[in-house]
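Listed next: structures, encoded as structure tokens.
The same chain A turns up in both complexes below, where it pairs with chain B and then with chain C.
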Partner chain A sequence: MVDFSRVQKELQECNRDINVSGISVNPKSDNLTNLIGTIPGPIGTPYEGGTFKIDINLPDGYPFEPPKMKFATKVWHPNISSQSGAICLDILKDQWSPALTLKTALLSIQALLSAPEPDDPQDAVVAQQYLKDYQTFASTARYWTESFAKISSLGVEEKVQKLVEMGFPEGLVRSTLEVVGGDENMALEKLCSA
Partner chain B sequence: MSLPGNRTRVLCKFFAHGACLKGEHCEFSHDWKDPANNVCTFYQKGACAYGSRCRYDHVKAGQRQASSSSSPYTYQYPDSDSVSVSVSSPVTGELSATSIPYTSGAWGEGSGQTPLDLLTLNDNGNPADIVMCSFAANGNCPRGETCPHLHGDVCPTCRKQCLHPFRPEEREEHKTGCERKHKHLEALKHSQEIECSVCLERVLSKATAAERKFGLLSECDHPFCISCIRNWRSSSPTSGMDVNSALRSCPICRKLSYFVIPSVIWYASKDEKQEIVDSYKARLRSIDCRHFDFGNGTCPFGTSCFYKHAYRDGRLEEVVLRHLGAEDGQTVIAKDIRLSDFLNRMRIR
Partner chain C sequence: MAFDIKFCNLKFVSDLGDERKCDHNMTPSIYLNLTKLHYLGSIYPKTDPNGSPLESLDRRKRSLKYHCTPDRKIRPVPSKRNGAAMNRIENDPAGGGCDNAGNDELEEFSDEFKCCVCLDLIYKPVVLACGHISCFWCVFEAMDYWHESHCPVCRHSYNHFPTICWLLHSVLLKLYPKDYQRRERQVSADEKTNGTSSPQFENPTNPTISNDKTTKNVAVGDLLCTVCKQLIYRPVVLNCGHVFCETCIVDSCDGPCRCPMCQSMHPNGFPKVCLVLEGFLEQNVPEEYCVRKTAVNNRKGVTIPGSTQVPEGGQCSSVSIEEYLSNPGRTKVHFGIGCDFCGMYPLVGDRYKCEDCLENVGLDVCENCYKNSSNLSGRFNQQHKPDHKFKIVEPRPIIFLSSEFPEEDHTHVSQEDQTDDDSSHNSHQDLEGGEDIGPTS
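What follows is the complex of A and B.
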């Protein structure tokens, strides 16, 4: 059984100093086991300027078991799967401690973004590139941040228009945008794979 | 001896205790200035069952009158060299709390009576027998300065007038007991604020009494509630969590602790922690180990077990240490030879 009173306390605590840390955690549904965390890309890294969404799933044993976290935003990083968003971080696995909170875990992920560990990779391709050709890695990471982690300033109508211009039927575009929550990149991906 | 109706009347015994029902119609004096008749009637007749512990004076009536010409009830202590009875004498340093009010009170200074005279009126030889005012001892005497009974010295901890000036053992006992109680209350007050770092709740505000306890780690000073820390340490090592590096270490500083000590208060100093740990261990040592089972079983904790290892006849377990020599010159001490001893050795190399 998840300790919901603790989760609630954590959410309050985290959202209190949101202006300082930039990290927020919000419930996805109303049962508090599915949450969405957001972290700003660390300054001075290829991820600067991006806002990364992280899917949080609390297991029954929380806080005695680590929360399951993965990136919902696509990110180019040696320790994060470019396909699934899975994160390779010890505190989310065998080094978890019940004194850690969702906020501290997200802070650790933010730190991981600024200090990759290519020797213990999650995504071998990215890690190879990081070690062999750092320039390409950095530009790819920056490009991914630009394309996936920037909150689009466009309104819904403009997004629809943009996608319709690409050649998708308007009805499908509208329904897809609704499904992915207004994210045009995710909508585009979905439309392409459909 | 003066009689009722005479110009000098005898103080009413009941009035002196604050409970004369006759009031103004009493044949005895209700004026504190009048001397009390404290002569033991049984003693006059020849035998008092209370002997030296009698609250009334054991003096012959004639004798009394002779010595009472100037200051009738002044009592001389047996060792009057060290403890003299005048207000200005050194002993009043101890008595100051009680004696000051009397000098400034209703007592006539010209009457020749010192406060101590009156305090010892019903005394028969030992000042330790003087009864203290129980109202003052409990914190508040309604008669205040005019109270005829002995008001004890103020206890520095509880601020009540409950220290008997002439009973040193009782004084010490009260002082140490009072201090301990006070310290416990203080510690409890400080502990109210302490939060468990796992459930993020105040430990002493938790729902059930069983949960309102701290779990102290032996090697570090981070606070947890007993249920949280035990839950964490006993959680099955899922997802490859190592018992020693993760589960048995402090969730905050990751320092390895081998045991958890339950405690209702949170300590403020190292000594206090040690005190809690020691009393916990002492408590466990009085309980028979169920693994050892009076010698019928084997305890996996061996000599490090906190519980009592005794046989049915009360004999304690004797430990014969066995030294296993390793090739590299190191020795391993083993009580029983177990497979783990060899495995441990393998790890050393």
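What follows is the complex of A and C.
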């Protein structure tokens, strides 16, 4: 069973200095094993201006086993699968230590956005592009940031209306938006896959 | 101490992150038994067909480490994973966290004394050889079943579960009596639920600290080194939990490091200064600490603290697990079993099991401790008596399964079919690489 009292403490601590770090972690469901982390795209990178959501799943052995993390927001990066969002990062695998936290893991992911390691790729296509044609890589990454990682300026009612117009029932739209924290792209994805 | 590892309790994580439990029928890809270590071809990395046996062994070891995660439930469940914690969450969805409801007067404890694992006040502190501190249960739970363990903070490796540092325990109780007692209630409730037990502070030789409620400071008289009879300077904590000046330990040990108080061995060279404890001493008795610093430095003719060359110290642990894996068949390794006296985990060499201790966790000692120590006691509060009888127990055979074992390869391989050489390299599946290279899109 997951050490929930520790997770509670982590959430409190992380969300206390959210103004400084820009990083937040929130429960997705009430059992605290599924969480959503948010990291701002680092300034000076093709990810700047984007807000990236990370799906967090805590295994039974947490914090003695690493949390499972993958991008819920689509991202173009050599160490992140453009398909599944899987992240290639050592601290999420064998270099995990129980002294690390969800916040420090998210900070490492943010650092990975700033400093890709194309020699140890998760997504070979992206890595090839990064190495051979950096300009195209950067513009693709920027385009993906614009398309998938920008928080919409729409108000809640406008989002609801937009999704209802696409043919989803209003009740379901509202509850789905709530679950994903108001992110219309994620809501759409969820509605489509339901 | 013995913790059950059941063959079919193993589960695996593939690089896509999905978990797979042993279905009892999977072919064992590695078979460890009493004297032989057999690797099947499938676990060899295919990228390394001509690698030296040692090199590929090293890679196989690493694959094992990352892929074979024994189900944690088979271990004693540590303090925090309990019903109490769950209830707390249910009753306090806004996230009060600490169970300080109705008790606003809990002390704010210093961050230095916050356990990096449970993120709460350290309870029953254990100091690792690198000088980092965690709770008894947090250290135990973070230890590795199959390999040497690593400090959660600095990854310094160790093979012995240290004893609780009772001096630090008394200091914490003195500094934060309310919080420390809250932790005590919490942990003992959890231990009750889990049917486990941790050492109790009852030994008359344990350091006590005067219970003067009028002051928060600990008197110098309670912080003396038993070697030099002075205030402890640059404190080091040995595997037995006793605290001394760094210089007193280095000066008194020729070869393997031994505790001047209880005579027990300290494995793997000299421990590092416990900086948190030093910080406490400096703050608690600043003048006296400064006097000690000057005195020690004058004596040694060294002016910059910390620049003194501390010798490595002798090694005393017989065989490390890593060493064993490179020389299979030479020594026995008892996975999941630890020596209750010196804390070696997993236990390497002959295992002496007490036949009269009735606790679930049992009582086991290594050969060295069996032969050299008259006063054996358990790490989990076992009621062991000197007239108890011991017997030698052989290691249990253990089967490891590969997480990426190909379906079509489900042929049973008996231990005679495979030798330890590199005969079947061509069918090797790349375990290591599979993790790093990952799927293409």
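Please note the rule applied: the second predicted complex is superposed on the first by the 154 of 194 C-alpha atoms of A that agree within 3 Å, B and C clash if a C-alpha of one lies under 4 Å from a C-alpha of the other, contacts with A are read in each partner's own complex, and residues count from 1 in each chain.
What we mean here is this: a contact is a pair of C-beta atoms (placed from the backbone, for glycine too) under 8 Å apart; a residue touches a chain by one contact, two chains touch by 3 or more.
Not measured: the values here are computed from a predicted model.
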- So, on chain A, is it clash or fit between chain B and chain C? clash
- Message: Applying the document's definition of touch, where does A:Tyr143 land relative to chain B and chain C: first, second, both, or neither?
- Response: neither
- Which of chain B and chain C A:Asp94 touches, first, second, both or neither: both
- Query: Is the number of chain A residues in contact higher for chain B or for chain C?
  - Reply: C
- Message: Quick one: is A:Tyr134 in contact with chain B, with chain C, with both, or with neither? Answer first, second, both or neither.
- Response: neither
- Query: Once both complexes are aligned on A, which of 45-53, 297-305, 315-323 or 405-413 in chain C overlaps with chain B?
  - Reply: 315-323
- Item | Where chain A meets both chain C and chain B, residue numbers | 3, 5-6, 9-10, 13, 61, 63-65, 93-94, 97-99
- Query: In the complex formed with chain C, which residues of chain A make contact?
  - Reply: 1-6, 8-13, 30, 32, 57, 59-61, 63-65, 68, 70, 81-84, 86, 88, 93-94, 97-99, 101, 120-126
- Message: If we count contacts the way the header does, which residues on chain A are in touch with chain B in the complex?
- Response: 3, 5-6, 9-10, 13, 61, 63-66, 93-100
- Task: Mind listing the chain C positions that touch chain A in their complex?
- Result: 15-17, 19, 62, 65-66, 69, 71-73, 77-78, 80-81, 85-86, 88-89, 93, 95, 97-98, 116-120, 138, 141-142, 150, 152-153, 155, 435-441
- Name, in rising order, each residue of chain B that touches chain A in their complex. 197-201, 222, 228, 231-232, 235, 238-242, 246, 251-252, 254
